[in-house]
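One chain, chain A, appears in both complexes that follow, with chain B as partner in the first and chain C in the second.
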Partner chain A sequence: MRADIANLKYVFEPKSIAIVGASDNPEKLGNVILKNLVDGGYEGGIYPVNPKYPELLGKKCYADLKSISGKVDLAIFAIPAPLVPDVAEECGKKGVKAIVVLSAGFGESGNVELEEKLKSVVLKYGIALIGPNCLGVMNPESRVDSIFFPFYKFGRPGVGDISIITQSGAVGSCIADLAAYYKVGFAKFVSYGNGATINEVDLLEYLGADAKTKQIMLYLEGTKDGKGLLSALKKVNPKKPIIVLKAGKGIVAGAAAMSHTGNLAGNYTAYQAAFRQSKAIEVDSVVELFYVANMFSQVRPTGNRVGIITDGGGLGVLTADAVEKEGLDVAKMSDIGRQRLREMLPARIPIANPLDVIADSGVDIYEKAINAMIEDENVDSIVVIILFQAPAVDSRIVDVLVRASDKKKKPILVVGVGGEYTRQNRKTLDSYGIPTYGSPETAIRALKKFTEYSLFLKDKK
Partner chain B sequence: MRADIANLKYVFEPKSIAIVGASDNPEKLGNVILKNLVDGGYEGGIYPVNPKYPELLGKKCYADLKSISGKVDLAIFAIPAPLVPDVAEECGKKGVKAIVVLSAGFGESGNVELEEKLKSVVLKYGIALIGPNCLGVMNPESRVDSIFFPFYKFGRPGVGDISIITQSGAVGSCIADLAAYYKVGFAKFVSYGNGATINEVDLLEYLGADAKTKQIMLYLEGTKDGKGLLSALKKVNPKKPIIVLKAGKGIVAGAAAMSHTGNLAGNYTAYQAAFRQSKAIEVDSVVELFYVANMFSQVRPTGNRVGIITDGGGLGVLTADAVEKEGLDVAKMSDIGRQRLREMLPARIPIANPLDVIADSGVDIYEKAINAMIEDENVDSIVVIILFQAPAVDSRIVDVLVRASDKKKKPILVVGVGGEYTRQNRKTLDSYGIPTYGSPETAIRALKKFTEYSLFLKDKK
Partner chain C sequence: MARKPICAIPEFCVLENYKIAVLPYGLAATPDEAAKLASKIGYPVALKLISPDVTHKTDVGGVKIGIKDETRLRHAYEDILEGAREYRVHGILVQKMARKGVELIIGGKKDSQFGHMIVLGLGGVYVEVFKDVSARICPITKEDAQEMVMELRSHPLLTGVRGMKPVNLDKLYSLLLTVSKMMVKEDMKELDLNPVIFDELGFDIVDVRFVR
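Our next item is the complex of A and B:
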């Protein structure tokens, strides 16, 4: 293994961090990062570096790297691009294992030579380099955090098992901020920008082997190593589902991507083929990353036949439309299953799929219907639509769904369309690991992706 | 005009309302509706009808309709289906102008004869009938409200200029609840269920002529009068944009729709053709109704060339992708426009579209960029992407956007992807009439629909 790649662990779990270009001006990156490390509770050594200050935020400030007496595992660079290679050289001499270069102004804006210079320095010393032109890293467990956005504007996700690899810092910050909002925990987050040495392929391999990572979200504009990417996707995806968002699909968008991180977005069909071949889970938007990831709390379906239960007829129709549009099947319930339901449910409820249990039905009718679908051999996954607005639905619906989901027989997802009260109820369900969705269409798209991935793993066996 | 249709005004603006089947049991519709009318501040006469009670919620309760001494404009029925025709007959004798029949158990569940009986009664007396099998009506201005969902579970929208016509009560309640959540005001809301006599065509015509209605949202499963529907769409849509969500597109979904409101969902291509011919704005989900409606606060674009401004490169790429996918054009800025920008913006910002003003640019750079796009003759609409998480963006961005939008030269929409802080900022902008979106994809889909409609009107001139 390349020495710099072996040092990636110091990016995520350093025992000490130097902030090169630390500042007392709250509008400067070097101030925000230092503050975030201190406020965020990072417990290792924190070394601000800037000849201008004797002290910053209560920490001793150093004139340069060599003045630091202790060991430095990771250095975060918040200095102008032209200064970066020389300071990287200093890092090498000091024995720094990893650097995160936030600064822009390298290959992406035509300064290819400067980027080459930086590359040769880090490769010479075996330094793991994240960047340049990036947001860097975040590890909620070790509390490493190089993101130069203040906490109040950008919520930090808690500890979890999803890792993020993103070429774009902006998109990465949106992903992390949404994760904090949705209460989705992260294992590792890395925004690698230009990926001068360590790129998406190395990061996929690294996180593929990371014990804390169970799922990976990948935002990609373009790769310089198509073959490596395909091979990494093929290797990692069967173990850890990779949900990928490819940007720069169109002609203009592709050109914009080029000027953004200096990577050729290339022919989208080639990427699409790689995703299909590796069965990586491709999504169409940042929010869809979460819709799909949300499904992975559920047991995997063994087929694509969907049972639909609703207390609002129209929502059942919209859901059936979505199922058909996405190429899943609206399940034909078995004769036994239909009979079971007929015996259990009041005569006013027609037995069909979608099963419309009618708005004035209470929670126990939901429970019977869900259990019948769980038992039915012709049903592979169950979509429960709840009109939380209806008077007959009360908070016991949460117990019903948790009990059903705990059986771990079939994936169960919930659709609740509405305002404040509905959202509160969805949050409660989400917190118990039951995926909920604000519209039938997003729910079924997520189920489709989850089903495809599940069937791919099933076929592989 | 048919006498019953002429009486539709008593559905929305009655001077007095009888609640047939009023109850003191909070789990019964007849209780919820009575309570909602009282709590909602309806100022006309309220007459609970039920022989069981002398009084309900402080109101005198009547044994039957004829015992009411005053005039009754509207009667809301919350009684079992088999009793409905006889009570409708009583209404006719009493001179009631309109009835809303919430009860299910008519044509949709095979009781065609019962529905025919009801029809003949209301047509005999010229009573405007909404339903049966519906949620009925809501008029935030007159405070008529027959929705049997309690206020705390289902927010009521305020007064506004959008009217809703929905075949499904459940979908209707989701639409209204979302409207309350998004703070979108309503003119009139009508859930007409089976539409035994008054149907979507009559309601489109009625609201097309309603002075308070400026936009119409239509949820449709199927119609019994395809020709009438097309003609109403063609007549109303050029005056008041009609945003339509058609359900029951697929085979299974179509059958489900049939059992739901007894209407044939029919061949979707026929509906699609009608929407295309009339240029009604078809959307794919309940939430998209709002995304599109949101755009109509803006001046209409005169072409499909989109200018994109962003402080996060990756978000610009995703937006350009969406523009290309939806068949809009990423604008090629004019030479003058490019030059104007070059002179105004710092050298580190490359002049292009998407225009990446870079995360550390402040609010004044946004203002310059937006103004340059407003002046550029090659740009028809402007998408402003704001990474609210970035340190350099502060609350003055609201002033900048309000000033730009107030020029009313080109439509301006905002994309902000993120958590709590971003959502607060979006709410502020929305409240000033600037449409905001939580993802580039939803924004561009809405812009596409708005542009199509705008160009249709332009061509018509």
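Our next item is the complex of A and C:
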């Protein structure tokens, strides 16, 4: 293994961090990062580096790296680009294992030479480099955090099992902020920017082997190593689902394509082919990353057949439409299942799928219906539509759903379309690991992707 | 010792090296040669202009199809030459008429990041309109080939719909696998087998173009 890749662990779990370009000006990155590390509760050594200050935020400030007497595992660079290669050299001499270079002004703005210089320094010393031109890393468990956005503007996700690899810092920050808002926890977050030495392929491999990571979200604009990407996706995706958002999909074919094929198959066609070949889960938007990720709290379905329970006929029909549109099947309940339901449910409720339990039905009728669907061998996954607006439905429905989900027999997801009260209840359900959706269409799209992935794993066994 | 015949159309010969059968053909320099070839291949045949100056043969009347006998063949031959007066003519291709069936395009491309990829699409005029294609990075497996077929929106045309028999899918899968191998081995930049006409028995490859 390349020495710098072997040092990646110091990016995520350093025992000490130097902030090069630390500052007392709250508008400077070097101030925000230092403050975030101190306030965020990072427990390792924190070494601000800047010759201008004797101390910063109560920490002794050093003139340069070599003045630091202790070991430095990770250095975060918040200094102008032209200074970066020399300071990287100092890091090498000091024995720093990893650096995060936030500074922009390298290859992305035409300064290819400067980036090459930085590359040669880090490769010479075997330093793991994240960046340049990035947001860097966040590890909620070790409290490492190089994100230069203040806490009050940008929520920090808690500890969880999803890791994020993002080429764009801006998109990455939106993903992380949304995750904090949705209360989705992270294992590791890395925004790798230009990926001068360590790129998405290396990070996929690394997080593929990371015990704390169970799922990976990948935001990608382009790769320099398509073959490597395909092989990393193929290797990691069966162990840990990779949900990928690819930007830049316009079919811009080769400028001088001679053939029909050349004109039909643009560059995105190749990405799409690689995602399909590896069965990575491709989504079309930032929020859809979460729609799909949330499904993974549920057990995997073993087939395409969807059971639908609703207390509003129209939403049941909309959901059945979505099921058909996405290429899933509206389950035909078994005879025993139908009989069971007939015996349990009041005569005014017709037994069918979608099963309309009618708006004046209480929570206990939902529970009976859900249990019957769980028992029915012709149903693979269960969509529960709840009109939280209806008088007979109250928040006891949360208990019913948690009990059903806890049986871990079939995936259960909830659709609740509505305003404040509905959203409150959805939030509660989400926090118990029951995925909820604001529309039948988004729910079924996520279920489709979850089902496809689950069946791929099933076939692989 | 049997000598390998000299290759009339180099693109066809590359395919033949991979045991990909092309519709029987021959290159004629005179009407008499064309007539001889046609009776050997068997009517009906098609005649096609081979000229380095003409990419779109139909635009200059360079393609005559469904020729049933020698009289018609000789007329067609003259017509093609008439239309090609201003161009260099390397010969006239005499080719067996393709079977009737589902027109597909099977192609390839070398992507700057992922390398060689293979593309399957519904062929003919539809390919431009519906852009119904599926693709994989080479090399592919049989499973990839199966998925490429199922990913086409128009896959029922191949797998059978409304009493139409399915095309010979096994031959389609193995053709895709061979083309994938050929793309890589020949390091092709772009490839078109277009159209490839499939029915329940097999397929005919009508035309081949590639760029190395």
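Heads up, the rule we're going with is that the second predicted complex is superposed on the first by the 445 of 461 C-alpha atoms of A that agree within 3 Å, B and C clash if a C-alpha of one lies under 4 Å from a C-alpha of the other, contacts with A are read in each partner's own complex, and residues count from 1 in each chain.
By definition in this document, contacts are C-beta pairs under 8 Å (C-beta built on N, C-alpha and C of every residue); 3 or more make two chains touch, one makes a residue touch a chain.
It should be emphasised that the depicted structure is a prediction, and the values quoted were computed from it without experimental measurement.
When the two structures are aligned on the shared chain, A:K227 is found in touch with chain C, with no touch to chain B. Of the two partner chains, neither chain B nor chain C is touched by A:L455. In the superposed model, A:A274 lies in contact with chain C only, and not with chain B. Between chain B and chain C, B touches the greater number of residues of chain A. When the shared chain is aligned, chain B comes close enough to touch A:Q167, but chain C does not. Contacts of A:V38 after superposition on the shared chain: neither chain B nor chain C is touched.
Chain A residues in contact with chain B (one complex) as well as with chain C (other complex) are 257, 259-261, 265. Listing the residues of chain C that touch chain A in their complex gives 105, 107-109, 111-115, 117, 119, 121, 127, 131, 133-137, 140, 144, 147, 151, 190-192, 194, 209-211.
By the touch criterion given at the top, residues 27, 29, 32, 104-105, 109, 148-150, 152-155, 166-174, 177-178, 180-181, 219, 221, 247-253, 256-257, 259-261, 265, 284-287, 310-318, 320-321, 323-325, 330, 348, 350, 352-354, 356, 358-360, 387-392, 417-423, 438-441 of chain B touch chain A in their complex.
Within the complex formed with chain C, the chain A residues making contact are 222-227, 229-230, 254, 257-262, 264-265, 267, 269-274, 276-277.
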